[in-house]
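The data blocks that follow each hold one structure.
Both of the next two complexes hold chain A, though its partner changes from chain B to chain C.
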Partner chain A sequence: MAEASPILSLKSVRKMFGAHAAVDSIDLDIAEGEFFTIVGPSGSGKTTMLRMLAGMDTPTSGDILLRGERINDLPANKRPTCMVFQSLALFPHRTVGQNIEFPLKIRGEVPESRKARALQLMDLLRLPQSYYAKNVLKCSGGERQRVALARALAYDPQILFFDEPLSAIDYKLRKTLEKELKDIHRETKKTFVYITHSLEEAMVMSDRIGVMRAGKLVQVGTPHQIYSAPNTRFVSEFVGDVNVLPVSLDTDGRLHSRLTGARLKPPPVPEGFSEGHLVIRPEFLRFLAKAADADNAVSGRLYNEYVLGSRIQYQVRVGEGVFAVEKLRQQAFTGKLDDDVIIGWDAKDAILVTD
Partner chain B sequence: METRGQRFRHSLVTVWTLAVLVFLYLPTICITLASLTASRYFQFPINKWGLDWWQKTFSSIEIRQLLSTSITIALCVTAIAVTIAFFGALAFARYEWKGRSIYQKLILLPIFFPQSVLGLALLLWFNTLGFSLSWQTAVFAHLVWIIPVVTLVISIQVYSFDPALEEAAFDLGATRWQVLKEVTLPVLFPGLFSGALFAFLLSWGNFPLSLFTTGADTTVPEYLYAKMVAGYTPGVPVLGTVSTVGAAILLIGGYGAILAMRRAKAVE
Partner chain C sequence: MRLSQGGKSAIPVVLFLIVGFAAPLLAVIWFSFMPPRSFSFGGAPTLENYATIFQGTNYISFLWSLSLAVTAVALLALVCYPVAYGLVRVFGKWAMLLTLLFTIPLFVSENIRLYGWVLFLIKNGVLLGTLKSMFGLQLESILFSLPAIILGMVYVYLPFMLFPMTLGISMVPNETRDAAFDLGASRWQVFKEVELPLSMPGVVIGFLLTFVLAIGAIAEAKVLGGQRVIPITHDIEIAFTYSQNWPLGAALSVLLMLVVGVLVLLALRRFDLDTFLGRR
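After this line comes the complex of A and B, so read on.
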C-alpha cells in the first residue's frame, strides 16, 4: 500500500433518502495510487457512496475532499475523476474509436491527436487496431469492458471509479479481467476506487478493502487483514464459507458453545468479551484420530463431500450443527459417508468476534 | 422433407395470408381503377379507359392549392409535434417525478376522444377566443390529437434508453447541451424519425379535425369528402390514389432509410 498523502478524504459523509441514511457518517482516506475496493451486499449504500464520490449525487452532510479541496458541489463534468459504469454505458451509435475519443472530442482536441491517443490506449488494453472502426455493439463482453476502460482513461482522470463493471460477466472471463485490471492499475499508476458485492473479487485486485453494511464502513484493511482478522461475524461470513459458533465466556476462561454444549479453548480473548461468535475457517479444521490431537475437538458424522477444484469440502454434522471442513485434494480424507468422525482445530486458528 | 400434413397446413396459412391482403388492399386498388376511366361518372365495370382525369387533376390550380395546404399543415404539425413530444416522452419514460403516473394517463386521453367532438370543441373555443379560422388553427387542432400519439411513439424508444449513457457523457466532461447533442438525440433518433412519420401521415390524412377548424382553407381529405357528397368527378379517385400512394412511398421510404442506416452501421 502506498503511504502517500490522501488523494481523497471523506469526513463524516452522510446521505439521507427521506429518513433513511443510505450512507451513514463515513470517514475514510484513500491514498494516492491506491486500489481501494468497497465491498458490501446490495442495499449497503456502496453505490450511493460511489455516486457521491463521482459527483452524480451530493452528500446531505459531511465533506468530500480531493487533495484537500472540498468538492461536494462540484458537478461530475468538472471533476478530474471518471467512472466505469455497471452497464458500461458505451455509446451504441459510435464506433470503438469514437467511444474512446469522446472525452477528447469534448475537450476540443483535433482529430489526428485524438486518434493517436485512442490507438495508444487500445494498445495498452490489448484491443486490436482493426477495432478502431468497429461498432461497439459488435464487440464481445470482454472487449466492451476494455473499450469502457479505455474511454475512461482517455479522460486522463486522477481517480477512476468502477461500479461493479464485471458483475454481468461469466466466471472464467471475470477472473481474467480482474487480473488484467490490476495490471492496468500498475501500468497507469492511477488511483482506482472499485465497488463490488464480491469480496473474492475485491481480494484479487485491491490494496485495501472497505466492507460496508447498512450505510456504515464495518472494517477497512488489506485483503490479508480482512481475511485473517475479520472484526465482525458479518465480515467473516462475507469472505466465504466459515463455521460460526455462538459462544459465551465462562468464568474459568474457557468458551461454552451454546450449540453443542462443548467447552472450548479460546484464541486470545478481546478485552471485555462475554459472549459472541467463534469463527473457524474450513481449512483450519482437520480430521483427528483422537480428540487429544488438537486444542478443541467435536465428534460428528460425515454427511457429504463437495469437490471445489483444488480443494474438497466435507460437511460434518455435529448434533444440530453443521461444520464445513476443507482439505487440499492431494490430502483428501479417506473416510466414507456416514462414518463417525472427530474434527478439531487449534485455539490460535479461530477468531472471536462480538457481533 | 415436409409431410403431407405439414404441406397442407402451410398451404392453409398461405391462403389465409392472401385473403387478408386482398381484403385490406382490394378497396384501394378499386379506387385506382376508378380513376382510370374516360367517362364523367362513376361506373363499374369501366367501359372506356383513359388517363384524362389524371391529366385534368394535375393541371388544376385548385388541386395544387389543396396539396400545398395539406402539406403545409402536415409539415408544421410534424415540426411542432416532434419537438414537444420529444420533451414529453422524456417526462413520460425517462425521469421519475411526482405526478408522472397522472401525467401518463392525461396525455393519452385526447387519443380516445371522438375526433369530431374534439374538432367541434376546438371550433367553439377558437370562436370564443376570437381566432379567425384558417390552416393555422387546423395545425393547432391537429396538434391536440397528434402530440399524444407522437409522445407515445417516442416514449417506446426512450424506455430502451439507458440513462447511464447521459451520466457517462456528463462524467466524461460534456456540458448538458453536449450531452443532448452528442448522446441523447442521436441515440433516440430512430424514435424521433418514426414519430415524425406518424405526425406527418396522421395530419395528412386527418378529416374530422380539419373539417371544423380550417375555415376558408381546404385540405385534401376535406375536398374529397365534399366532392363525394356533391359534384363527383373521377378527379376524386385520382386525388385519393395520389394521397394514398404518396403516404405509402413516404412510409416505405422512411422504413428503407432506417434499414439503410442500420446496414451502414453493421458494415463498419
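After this line comes the complex of A and C, so read on.
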C-alpha cells in the first residue's frame, strides 16, 4: 500500500472549537485503494476529522489535499467523496430503490438507467431484488446498512467515509457486516476511510489504522504493528486486555517492578529509557513448572478464571498486581482457584513504552 | 360486566366526553330534524329544514366560507413556511424571542385585536391618517372589503399554521440533510427532496388546523369586512338569534360539520401522516 500515491493528504490539519483543538495538527497520507481506519475513544476528534474530510466542516488551519488538489473549501456536494453516517441517514419517506437512486436522480440520470444501477448495487450488497419497492424503515438493521452503503456507492465516490455505522448493531451481525464490508472493499477497489471506537473492529477490516487521542494521531500502522508494537500505553490498552506494569530501569540493565517487587529481564530498551510501562499481552504469559522455564517469572495466586469462548482468561494476583493470562481452551490450565502458581514470559514478548 | 383497571380509570373521561361532547352534538343533530321555528325536542322529525337550505341561497354563504378558508390557508402556508424554516434553522438564539412575539397576541381577545386592525386601517386611522398628515398621501382604505377579511384571517390564524410547521421542520433529522448534501444535492434539491417531504406532517397538521378554524370564522367578516360578505357561520348565528329558527340553524351547523369532516378525511387519506412519518 505504501508505494501507491496518496489519494488524500492531510497537512497540519487543525480544527478549533473556541480555544479547544478538536483536531490538532494532523499529518496523514491515505493511499489509493486503502482501507484506513481511524480509532479513538469518544471525544478524541475522529468525527470532527471525518467531517472535515467529507466537506461538512472546514479546517481552522492546515490543508486537505485530494490527489494533490487543495479541497479545504470544497463543499460536500462538490466533493467526489461520500459518507455513510452513524445513523445511516436513510430517507425514511423513500423506498430502498429510491434511496439508492438518490445520487443518480440528483445527477439527472434517466429512471431506467437509475433502476438498472440500483438493482446492480443491490445485487452486490446481497439485497433481494424484491426489496426495490420496500420502504426502508421496514428493513432490518443489517439491511439498512446495506442500503446506506449501496446509496453511497451509487454516488460512485473516489473515497467512501464511514462514521461508526456499525456501532448500534448487535455483536453477531456486526461481525458479519465487518467482513462483508471488507469484501465490498475488495470488490469495489475504492478507498475506504472508516472511523470507530473499537480497535477490534478496526483490526478485522483495515489495511492501516490510525489511533487518535485528544485530537492527535498517536500511532499509525498496520493492524499487526498496532497490536504487536504499540508505541504508547494508551495504544496498547486500546487493543484489549493487556498487562501493564509500571517499571523503572535499574543500573544493571534490569527492570524493577514496584508492584510485584520483581526484577525483570527487559525487551530491547528504547534509547534514553528510565521509567515507563512494560506491556505484556495475556496470551504471551504462561504457567510455569519452575521459575527458570522463562526469561521472567513471578509467583502469585490463581484468583479467578473467565471463559472467553475459544480462550480462557486466568486472573493471577502477584503482590499488589493483577495479571491476566490467556490460554486456548484446548490448552486450559489444570490448576485450581487459590493455588499458588508461577507465571512467566520471555523478554522478547513484552514491549516497553514510555508514555 | 367487570371492567379492567384501565377501563375504570377511563370512566371519568368517558363521562366527561358524553356530557361535554357527544350530548351537545347529538342535541344539535336531533334539533336539525325538528319542525321549523320549534323550540322543543319533542316534535315529529322532519327533513323540512334541509329542504329549505337546498332550495334557498345558503349555498352562497357556504361557498364564501369555503373560499375564504382556502384562500387564508394558502396564504398562511406561503407566509408561514419561510418563517417556520427560519425559526428552526436560521434565527438561532433569536428564534425564542420571535416565537414569543408570535405567541403574545394570543393572550388578547380576537375581537379586540380585530378592532385594533379597524383603528389601524380605517379612513384617517393609524395608517392612512399618518400617511395623509405626514406625506399628504390620500389612499382608499381597504377596510370593509374582501382583502381586509382575508388579512384578518391570515393574521388571526397565523400561530396555528406556524407552530405545527415549526415542529414539522424541526423533525427533519440533520443527518438526512447532510447526507443528501453529501450525495451531491444542491441546497434547493435538499429542500425539495428531503426537507419539504419530511416536514409534511407538520405542514398537513397546520393546514387542517387553520382550515377548520378558518371555515368557522365569523368575526373577521363582521368586523373587518363590514358584513360585505356573509359566511355560513353568520347565517347560523342569524338563524339562532334574529330569525329565532333554531332547527334551521341546527341543520346548517350539521351540514357545515359534514362538509368540514368529509374534506378533512379526504385530506388525511391523501396525506397519510403515518406514511410521512415513515411508520408504514
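The criterion applied here is as follows: the second predicted complex is superposed on the first by the 354 of 355 C-alpha atoms of A that agree within 3 Å, B and C clash if a C-alpha of one lies under 4 Å from a C-alpha of the other, contacts with A are read in each partner's own complex, and residues count from 1 in each chain.
Basically, contacts are C-beta pairs under 8 Å (C-beta built on N, C-alpha and C of every residue); 3 or more make two chains touch, one makes a residue touch a chain.
Not measured: the values here are computed from a predicted model.
Student: Would you mind checking whether chain B and chain C clash or fit side by side on chain A after the superposition?
Tutor: clash
Student: Regarding the shared-chain residue A:G97, is it in contact with chain B (first), chain C (second), both, or neither?
Tutor: Neither: A:G97 stays clear of chain B and chain C.
Student: Touching A:R151, do we find chain B (first), chain C (second), both, or neither?
Tutor: both
Student: Looking at the overlay, does A:A133 come into contact with chain B only (first), chain C only (second), both, or neither?
Tutor: First partner only.
Student: Is A:N77 contacted by the first partner chain B, the second partner chain C, both or neither?
Tutor: After superposition on chain A, A:N77 lies in contact with both partners, chain B and chain C.
Student: Applying the touch criterion given at the start, work out whether A:P223 contacts chain B, chain C, both or neither, answering first, second, both or neither.
Tutor: A:P223: touches no partner chain.
Student: Taking the superposition on A as described, I'd like to know which of chain B and chain C A:G276 touches: first, second, both or neither.
Tutor: A:G276 sits against neither chain B nor chain C.
Student: Identify the overlap between the chain B-contacting and the chain C-contacting residues of chain A.
Tutor: Overlap of chain B and chain C footprints on chain A: residues 54-56, 75-77, 82-83, 85-87, 89, 91-93, 102-103, 105-107, 135, 151-152, 155.
Student: Within their complex, state which residues of chain A touch chain B.
Tutor: Against chain B, the touching part of chain A is residues 54-56, 75-77, 82-83, 85-87, 89, 91-93, 95, 102-103, 105-107, 133-135, 138, 151-152, 155.
Student: In the complex of these two chains, what residues of chain B are touching chain A?
Tutor: 162, 164-165, 167-175, 178, 182-183, 186-187, 189, 265-266, 268
Student: Could you list, by residue number, the parts of chain A that touch chain C in their complex?
Tutor: Residue list for chain A touching chain C: 54-56, 75-77, 81-83, 85-87, 89-93, 102-103, 105-107, 135-137, 151-152, 155.
Student: Help me check something: in the complex, which residues belonging to chain C touch chain A?
Tutor: Against chain A, the touching part of chain C is residues 173, 175-176, 178-186, 189, 193-194, 197-198, 275-280.
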